[in-house]
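Below are structures written as structure tokens.
There are two complexes below, and they share chain A, which is joined by chain B in the first and by chain C in the second.
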Partner chain A sequence: MSRDANQAVATPEGNPDPQPVSIRRNPLTTAVILAATFVVWTFLVFPAVWIFVGSFKTNETMFSATAFTFTLENYATIFRVGFGRFIFNSLFICLVAVVISTFVSVIASYVFSRKRFRRKRLLFGAVILGQLFPWIILVTPLFIMFARIGLLNSHAGMIFSYVAISIPFSVYLLVGYLETVPRELDEAAVMDGCSQFRIIWTIIFPVMLPGIVATATYAFLLMWTEFLFALAFLTRTSLKTMPLGLAQFFGEQSIDWGAIMAASAVTTLPALVLFLPLQTKLSAGLTAGSVKG
Partner chain B sequence: MADLNLRRVSKRFGDVTAVAEIDLEIAHREFVVIVGPSGCGKSTLLRVIAGLEELTTGEIHVGGEPVHRTPPAKRGIAMVFQNYALYPHKTVAGNMGFALRMAKVPGPEIERRVIEAARILQIEDLLERKPRQLSGGQRQRVAIGRAIVREPKVVLFDEPLSNLDAALRVDMRVELARLHGSIDATMVYVTHDQTEAMTMADKIVVLREGRIEQVGSPMTIYHHPANVFVAGFIGSPRMNLLPGTVRATADGAVTVDVAGGLRITVPAEATGIAAGDPVTLGVRPEDLAIGPDPQGTAFDLDVYVIEPLGGETILYGQIGGQIEERIEEHDAGRLEDRAGGARTLVVKTQGGATVRNRQRVPVRVVPEVCHLFDRAGVALPRPAGAGDVTPPETEAEEPERMQGEKLR
Partner chain C sequence: MLAPIFFFLAFFYGYPTLSNLYNSFTDLSLLGLKRGGEFIGLRNYVELLSSRDFYRVFWNTLFWLTAVSVVLRLVLGLALALLLNSMTLRRWRLATVSRLLLLVPWATPPIVAVVVWRWLLDGRQGFVNGALQGLGLIDRPIAFLANVDVVWPSIVTIIVWNTLPLVTLTFLAGLQSVPPELEEAAEMDGAGAVQRFFHVTLPHLMPTVVVMALLLVFWTFNNFVYVWLATGAGPGLFTNVLATEIYIKGFIDFELGYSSSVGMVMAALMAVLGLVYFRFVALREFREIL
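For the complex of A and B:
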């Protein structure tokens, strides 16, 4: 009894509840926050849900709020017209580009973070500058260049351009992340007899894996949804990526909404599958990287 | 044999000289502690020995072989870092065995050596854990294990205990001393903690601004500091340094007038000084005693702060007046350089001393334990045998305390 009484005195509001009193928000504030969250959530999630549900509807019931006729015909349609090929193209281009970009960025960020050399700041600035160009400016010069060296209508050309656009921000993020990794780790590895290359891949790489995963995921999603370069550099249907494939369903005469819904669902799926399990690492990685840049 | 020799080793970063022409000979299995204030170049010197920094000039020899052009891992040198630098993604065993794997030692041999090192450091139960699952003390043991598992000729320690709390630090200090006895390696240990230096070292190297101020056994450094800097740096509380003026010189004795009107004749070779020259009189707090002196060599001390530590009591006082002012300064933390303060005196007495604050007490000085430094701060040589004299009570107490630290 006396302990309870003591605690009641100890709590700021004189609350006799022995539970520690947490900081409580004004109920009105809570309601506003909840409402705002709900609105944002609706705008973000509703279209995705609508597309997902719509992809299983027939074209007749597509825009009806009440009628629903389940069908897999939309999925059958898109794969019949070769959407599978687009999925493969996208996966191939994006995965290869992410691996190359990550490999280069890890080494580049290690050098920028750990090595002393002349003109380092200038060089780092130049890398970051690459991030500042609007992509549309790059389309024409890249098109001419690719035309001359035969990289138009090729996976290699796409991989090349995706690697180029993802390296600046990857290096930027990874350098920031590396600043949080103590240099003594490198030095301990030197004392243990590691070569320079080995230090990066057996010591630093595992330590900065959260940062690398975050960066690679971000790069992948950027490439996955990229439309502009693909539209400019790929004209042959067998080479096209998913965003282009999706656009194909917007015909000049008619629009196959069912196919668009199904194709959109398929486009979203890999991103979701990739993104959801990594969500916590992603935010941790991005935060850690953002401490110092 | 793994003696370590540094010959005129220098390290410059641009215009800054971090380490200047260091000559140092370290014998096989010796435990050498490099001490000095922050920024004195001690860590840089260690990193140069390790090979993490390339030396600018000079030579480093391990066991007679020049190693200063050899890659760090091939020098036969291991290093324990201040923040442990354990690989977070590897287990304790993985951390400890990594260097051996790099050196392509066969698996069973790696396992045997890791287990052996773990046994010495009493971390056998932790071998499968990751560093983040360990306490600070355990991590430190693993870091040491990682160093000794390679069976290096020389182990370097860069302030290895500074991240540990006070109690753990004492334990690890004893562990390291024990480890030194049980493995066949020369150890070089960098610290700014003079207690670590005094208790663990066979030989202390006092460094300041990249230069060696003095090299010697702990007792030599303590009893025969080469200059004012070493005198002030080694010993806790710091040595009292009082400005004085030479009154007269004789064969093997210098008579000095110091603050408070005290005249004292100290046994010292009066080389290069004459009457009227300014000198500094150094006397350790533990060499002072409360009580009148029949020969009259005593200060009148106005005590303004008493620090009872139980077994001993430390008195801060002033030779002469102005007590109020000094108390304020002490409370405001401005008396950092109190040993250098001209009229301030620190006295270490037995715990049972019955001195009260603001009391005026006589403080006895034994001339034989006083140090004299010339205008440049260099110690005046003492006549043979003179410096070893210590007051009766400290003479009996000191070696015992030292031993106690090592055995505990």
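For the complex of A and C:
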């Protein structure tokens, strides 16, 4: 993510001052602008709202704009066919992967930010370019590698993959965050002869906590909705994650829209709850990789 | 201390890329993984480059999936940013709520975005068909995701809906960083709104636009999820793109060797783009943060 774009994404929340540019009160222009705004609002919000509305509708009224019969049957259905298992799998894989990826990324970001060593920019560049690496190219060779070492159809394989996809932007974000932490803080500790890990744990970690939480949240969201690797590496139903479980409702013959909407709602809700607070203090580069898949 | 991350990076990005390069010169099959593949030289690449299907897939990826959706998002993103930044919206106190609503599609996971749009675009009773029929614009329902005339615009719509907010917010912030004095000065000189936009605002925004365009190309060109979940590369293989081609060839036709060669073509293209990004964007940035 470029500096320009980063700041760009970071500022809209914090700059409410209206600029005193040409105030002309042409009623026609105003009407056009307001109309356009409402069209845009509808386009943006309508589909997402329907996930939640649809999840409480019976399949008979699913496609009706007006008829609405409230039901919890869709939620009952998805849990009856084992969606709870997918939720558990997703939670387990994502939480373990987030902890590992955050842990190794914090250490690496400290090294990149505070140490001087040869080929530092090259190594950092290699890490960052991982953000732009096309995942689809990795699917085939990773599948072969996993097949040979027995990581197919295993949560360990998924955790490994999810740690690897979140390291590049985690390191990038954390290095950016560390730049805002005064160096005097940890340099003093170096003078006092503290060990590296002690410095990271007792000095860096506490002051970096907001940055770490934001980075970990972002990593979690990325993993939570990841589809491609899960599709390729998990074929046993008992191991599948939520996105796969969701896609499974598209049957060959019939589509149970009620179940799909309920499963979509369950998938989206944590994303909304985590994403909105994160976005309000979105800092450098949190957008990188957000639309990958 | 860097060993842990490079362990993950080496075994996730490094080794697989190299092994993919080797596999692309073999006839490795999904059914003969243990046995391994025979070395067949450039035969996969010859087959690929002499296949008319491949050029169609390539065109789909380049034009429909990437070019159309990226240009559309840049233009709409800019228009929307201008709208959100307009004095009218501020005067009516709608700017903040607009920005908030903008977050909704962005927070929707791509897989869910595709799902809900499949429902909206359903070929028999979907909402979009209902609305168009109600307005008297069409007589019979359109199978948006199965009709070759409209399937690509439909997929692009899904992508735009899901990712436009990111582009818009980026541009909006760019707009707010335009020094007001510049605009005022231009206005004093008698520049109209259109002239001000093209001579003051747009030039100021250009670096942001270029970087955004580059990132969107990266994210979209390689994307698997939108096409795969919306149409499964269909009807037939009409909307097949490079990413779905890799998956279909490898995991449905079992031709891992051939699939790897498609991957290498893609990797080569991305490497060129990556160099551009590295040279013009990333390097400048490293100087600031390292």
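Some notes on this structure:
What we mean here is this: the second predicted complex is superposed on the first by the 224 of 293 C-alpha atoms of A that agree within 3 Å, B and C clash if a C-alpha of one lies under 4 Å from a C-alpha of the other, contacts with A are read in each partner's own complex, and residues count from 1 in each chain.
Just so it is clear, contacts are C-beta pairs under 8 Å (C-beta built on N, C-alpha and C of every residue); 3 or more make two chains touch, one makes a residue touch a chain.
Not measured: the values here are computed from a predicted model.
In the superposed pair of complexes, A:120 makes contact with chain C only, with no contact to chain B. Counting the residues of chain A touched by each of chain B and chain C gives the higher count for C. Of the two partner chains placed by superposition, only chain B is touched by A:207; chain C is not. Touch criterion met: A:194 reaches chain B, while chain C stays clear of it. Once the two complexes are laid over each other on the shared chain, residue contacts for A:149 go to neither chain B nor chain C. Once chain A of one complex is fitted onto chain A of the other, the partner contacts of A:53 are absent, as it touches neither chain B nor chain C. Contacts of A:99 after superposition on the shared chain: neither chain B nor chain C is touched. In the superposition on chain A, contact of A:185 is made with chain B only, not with chain C. Of the two partner chains, neither chain B nor chain C is touched by A:269. When the two complexes are superposed on chain A, none of the residues of chain A touches both chain B and chain C. Interface residues of chain A, counted against chain C in their complex, comprise 1-5, 7-13, 15-16, 18-23, 29-30, 33-34, 36-37, 40-41, 43-45, 47-48, 50-51, 54, 63, 65, 104-105, 107-108, 110-113, 120-121, 123-130, 132-145, 147-148, 160-161, 163-165, 167-168, 171, 175-176, 179, 196, 224-225, 227-228, 232, 243, 246-247, 257, 260-261, 264, 267-268, 271-272, 275-276, 279, 287-293. Listing the residues of chain B that touch chain A in their complex gives 50-52, 71-74, 77-79, 81-89, 98-99, 102-103, 146. Contact residues of chain A toward chain B in the complex are 182, 184-185, 187-194, 198, 203, 206-207, 209. Within the complex formed with chain A, the chain C residues making contact are 1-2, 4-5, 8-9, 11-13, 15-17, 19-20, 23, 28, 33, 80, 83, 86-90, 92, 94, 96, 98-99, 101-113, 115-117, 119-120, 122, 125-127, 130, 161-163, 165-166, 169-174, 176-177, 180, 183-184, 187, 193, 207-208, 211-212, 215, 218-226, 229, 242-243, 246-247, 250-251, 256, 259-260, 263-264, 266-267, 270, 274, 277-278, 281-286, 288-290.
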